[in-house]
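Common to both upcoming complexes is subunit A, partnered first by subunit B, then by subunit C.
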Partner chain A sequence: MAELASMLPTTTPRFLPKSLIPWLLSAPGAIFFLMLLGMPLLMILVLSFNSFDYAEGIIATFSFANYMEVIKDDYFHEIFFRTYAISIAVVVLCIAIGVPEAYILSRMRSPWRSLFLVVTLTPLLISVVVRTLGWVLLIGGNGLLGKALEALGIADASAGNLMYTHTGIILALVHVLVPFMVISVWAALQKLDPSVEHAALSLGASHPTVFRRVVVPQIMPGMLSGSLIVFALAASAFATPAILGGRRLKVAATAAYDEYLNTMNWPLGAAIAVILLVANVVVVMSYNRMMERRFRRTLG
Partner chain B sequence: MQNNGKLALCFHTLFVIFLMAPLVVVMLVAFTPHGYISYPTDGFSLRWFRAILENRSFIQAFWNSLYLGIGAASVSAVLAVPAALAIARYQFRGREALVSLFLSPLMIPHVVLGVAFLSFFSRIGVYGSFYALVAAHVIIIMPYTMRLVMASVFGMDRRVEQAALSLGASQWTVFRRVTMPIILPGIAGGWILAFTTSFDELSMTIFVASPSTTTLPVQMYNHIAHTIDPLITSVSTVLIVLTALLVLILDRIYGLDKVLIGKG
Partner chain C sequence: MSYLSLTSLTKCYGPTTAAEDITLEIEKGEFVSLLGPSGCGKTTTLQMIAGFVEPTRGRILMDGEDITHRKPNERGIGIVFQSYALFPHMTVIDNVRFGLEMRRVPAAESRQRVGEVLELVHLDQLKDRYPRELSGGQRQRVALARALVIQPPVLLLDEPLSNLDAKLREDMQIELRNIQQQVGTTTLMVTHDQSEALSLSDRVVVMNQGRVVQVDDPFNAYERPSDAFVSSFVGKTNLLTGLIGKTEGDQTAIRLGDATLELTLDGPRTSDQVQISIRPEKLELTDCASGKLKGRVKTRLFLGNHWLYQVDSSAGELFITQPNLGKQGVAVGDDVGVSWSSGAIRLLEEKVHG
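Up next, the complex of A and B:
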């Protein structure tokens, strides 16, 4: 039996020590990753401590000057504040929209449920550029939203122009990211025991009360993990804020892009990238921590 | 499961409209007969779809993206299958670390990867090379391939392999004739998801793609940054339709919810 368990899907020379087999199998991927992921990340870390001169380019020094500039300069304060303020707003809206929608989806009858699940998930696979273009057509000058507002007599057409506004960026990011919230909450809802809901209903609780007091507490882990995914992706989003916010409303990702490709100040751009990376890793690590705890609880 | 109330169905309708409106608007504008952004209220024309064929840069970018996606998804599958077998079947030191390594690109913002790859590639002198672009994409899509392949390796019944072995098949034959066919749907699902991710990737690629290796999303982004005309909506429409077809295939062979929700 032991020999069967060590069976390997490739022919291996008999003299090969068994403990080496998993390493040999994973070596191509691992080496590839260490070379092509480890080296570049190490490189921007080093680069972020270098300095930059418009005449001489990148100078190999070691200083915290780039980080100090980001920390001290009001220009970067505004950019990072905007990035995280937008992300929080997007998370709040995704909860407000995604949680009820996931609940409604889970209560649908069989053919409709899988149909609308696909409808909800498909946009995830459609290019972000395409989805953002749709929002430009809706909320741009002369867009459909302005026309609708005017036709309904609510406001004049210019009120529908949300290009280069925070509202516009938030709206489009919610559209791009809300499927992740629905997915997370939907997965949590699948584990729910419907008899608990029935018990609450039969004891006289109203539907909203059941949702608030019985369902929501149980899907809290799904909501939290969804929030962290949405937050991490919103904070590092590039295409949507770049197209809808342009130069006027820069976020961390578009600022790093500009430092790299327009100003050509790579060390400063690298410092912004490192800060963005560290913030994101902290967020995702806490997400993983939470998932682990959740697993431990469900597995008892 | 009970039915939803009227209020719930209203909410659901609004949600679907919210989700679909931007895509529908793009597809409507694509059929405009005019030379500017407008809805086809006074006629219906395919001129902007014909215009795509005359636009060399979009066509070239499409082929670049296609080759890039196929190349990167295939390399990632070749790397992921043995690694997933090692992770799923062996207990060894560093196993957890290996999983974290392969899934780590998920938690790195793509812009950061773009910055990192641009610095790295220009330092070692391969900036602008198509193969460098493929390598960068392999890093980004590996977590998706890995998750699906790992899920199928974990999910398979190993007694089938043992039966084949005990009947005298060699280990290579067992892998080729038993293991591979069983985990093939997982590999295929991972390949398609990886391909789509690669094909749509913008935030990282925009740093690494040179004028000669421009991908479709980068070309579209540059076009939008410059001007918004019906041409970009017809290109987008083609993309939406192709993605929808891919989703149908993915849903049929694998179940879309399993691909996207199943954590693997």
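Up next, the complex of A and C:
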């Protein structure tokens, strides 16, 4: 073997060790990534250790004061609690809506299937600000929802005002994040062998039982990865909570924004951003680990 | 009264007819195979019996009951799918138990039945594995166990062995036959593999282009094929054309290349030609002078237990197999004679055109 190998022409220049080549080839992408994402993140991290004075501005010190402030203050506790409560609610609703939606889509016939899949994805095609302002028209103080409720005699017009409520934010976030759940579950459904469902039917299972006992366990990895995407995007969402929640219902992302642009306390804003990032990474990573351990044996 | 009876079962998809006028009677405990090339309607027929495809016309009776429009999950039929269709997220034992759970069989009885069937398919050692941790043959057994544990009135096998490699397939054929005879379940198998159909079944149903062509026991399907399609699909054959000559008494002279055969025609013929089928293993290579036909060896393949010769003869190209008796046979380019015993010739019925 060694003899054979040595007879092959050596294509790599002698001054380059072979192990370096993959690094060199991926260098342009890696440098681009590090410059545009890594550098700002690093600068924010450094900034979060600085301190701030209303008279002097940012002072280049090194302390954990900003972090301590966020960790100790009930005001920030409420903001982070709200952020994750909203995210979890959004994930649950996306599963409840997205999984049946994907299943029905996968059962549709040829022209309708691709048509409705595109319809499902349309929320992603509209700018987030435009879409959220659309929600304002619907659920705002003088919005369509309130008028409809009043016209139907169900409730007072003010009951349709969901501005600055958790319901409004969750509603708008679910609207834009459901497609991510649908796509993940759809991908998992495509891998299903249709005869497995037939097998369950032939063994006497009813359609709901087949869905619960055979389909859902097999698309669980898709549901879980969809939940991850939805959770991460909901927890870091900015525009929707900013427009629909305003100052009254701050989430972590809007709180960081306010520290930067209203209070001008950049170091504190940076600390909030870093905590949000770290918390998200921890949640996502541990969730992923748990999932992998669970499905390695069964579904590979 | 047969146990499973199909009457004029037909399935049309728009203008195309997948299965046409399938009529079949299957006795209790019988092993019947639907044999045919892909697209011949055998799988459609199976799917109609299973209830996954709604027949356009016709009736299905099982044990005297009309099940034509019954839902698949109310038929209680056991099915082994081509892809095995095991539940990937369940262990072997949970897969097998699923059907009993659906029937709300009490735990103690369920445990016993699952244990018995796993022993039957020799999987009692692997009951806690997941399907992806099993080999193809083992998955096949799980699928069989899962279908058998519900004690189905009818067992349907959809190309059960086609995903296994050749050696394993042979072993599984023997095992499948043994298990079926032990359990005694009425079984209908769909296959495109003629050797599988011949070796496993009590009767073979040969299908072509959506229709049943011949229903017979394996020996007769092979030895007395009803037409050219059956004779070439069930086993290999040489299809030759003979010219009809003079008739004397009940013997008609038929010219086949430079040979003349004396045969009994089964009825009046409209054309002056007949189609003749001779199996390759029934032809014999002799020396040039003593053969009925003269020819020259064109190719020769050594297949271990036998030789396969391709011989150019005056009646056309012939395939001839000769058992390997431990001697070198004739070589390529040799002039040979081709001979056969009188029973080897099979006259095929005339195709009615139109």
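Structure notes:
Throughout what follows, the second predicted complex is superposed on the first by the 252 of 300 C-alpha atoms of A that agree within 3 Å, B and C clash if a C-alpha of one lies under 4 Å from a C-alpha of the other, contacts with A are read in each partner's own complex, and residues count from 1 in each chain.
What we mean here is this: a residue touches a chain if its C-beta (ideal position, glycine included) is under 8 Å from a C-beta of that chain, and two chains touch if they have at least 3 such contacts.
Keep in mind that this is a model prediction, so the values were computed, not measured.
Judged by the touch definition given at the top, the superposed model places A:135 against subunit B, while subunit C stays out of reach. Shared-chain residue A:153: touches no atom of subunit B or subunit C. Contact with subunit C, but none with subunit B, is seen for A:206 once the two complexes are overlaid on the shared chain.
Once the two complexes are laid over each other on the shared chain, residue contacts for A:17 go to neither subunit B nor subunit C.
Touch criterion met: A:44 reaches subunit B, while subunit C stays clear of it.
Annotation for subunit A, partner touching more residues between subunit B and subunit C: B. Once the two complexes are overlaid on the shared chain, A:269 sits against subunit B while remaining clear of subunit C. In the superposition on chain A, contact of A:111 is made with neither subunit B nor subunit C. In the three-chain superposition model, subunit A touches subunit B and subunit C at no common residue. Of all residues in subunit C, only 50-52, 72-79, 81-83, 85-89, 98-99, 102-103, 130, 132-133, 146-147, 150 touch subunit A in the complex they form. Chain contact summary for the complex, subunit B toward subunit A: residues 1-5, 8-9, 11-12, 15-16, 18-26, 29, 37, 78-80, 82-83, 85-87, 89-90, 92, 95, 98, 101-102, 104-120, 123, 135-136, 138-139, 142, 161-162, 165-166, 170-172, 174-175, 179, 196, 199-200, 202-203, 206-207, 217, 220-221, 224-225, 228, 232-233, 236, 239-240, 243-244, 246-247, 251, 256-257, 260-261. Put simply, subunit A touches subunit B in their complex at residues 4, 7-12, 19, 21-23, 25-26, 28-30, 32-34, 36-37, 39-41, 43-44, 47, 97, 100-101, 104-109, 114, 116-138, 140, 142, 144, 172, 175, 178-179, 183, 186-187, 194, 207, 232, 235-239, 242-243, 252-253, 256-257, 260-261, 266, 269-270, 273-274, 276-277, 280-281, 284-285.
Those residues of subunit A that touch subunit C in the shared complex are 193, 195-196, 198-206, 209, 213-214, 217-218, 220, 297-300.
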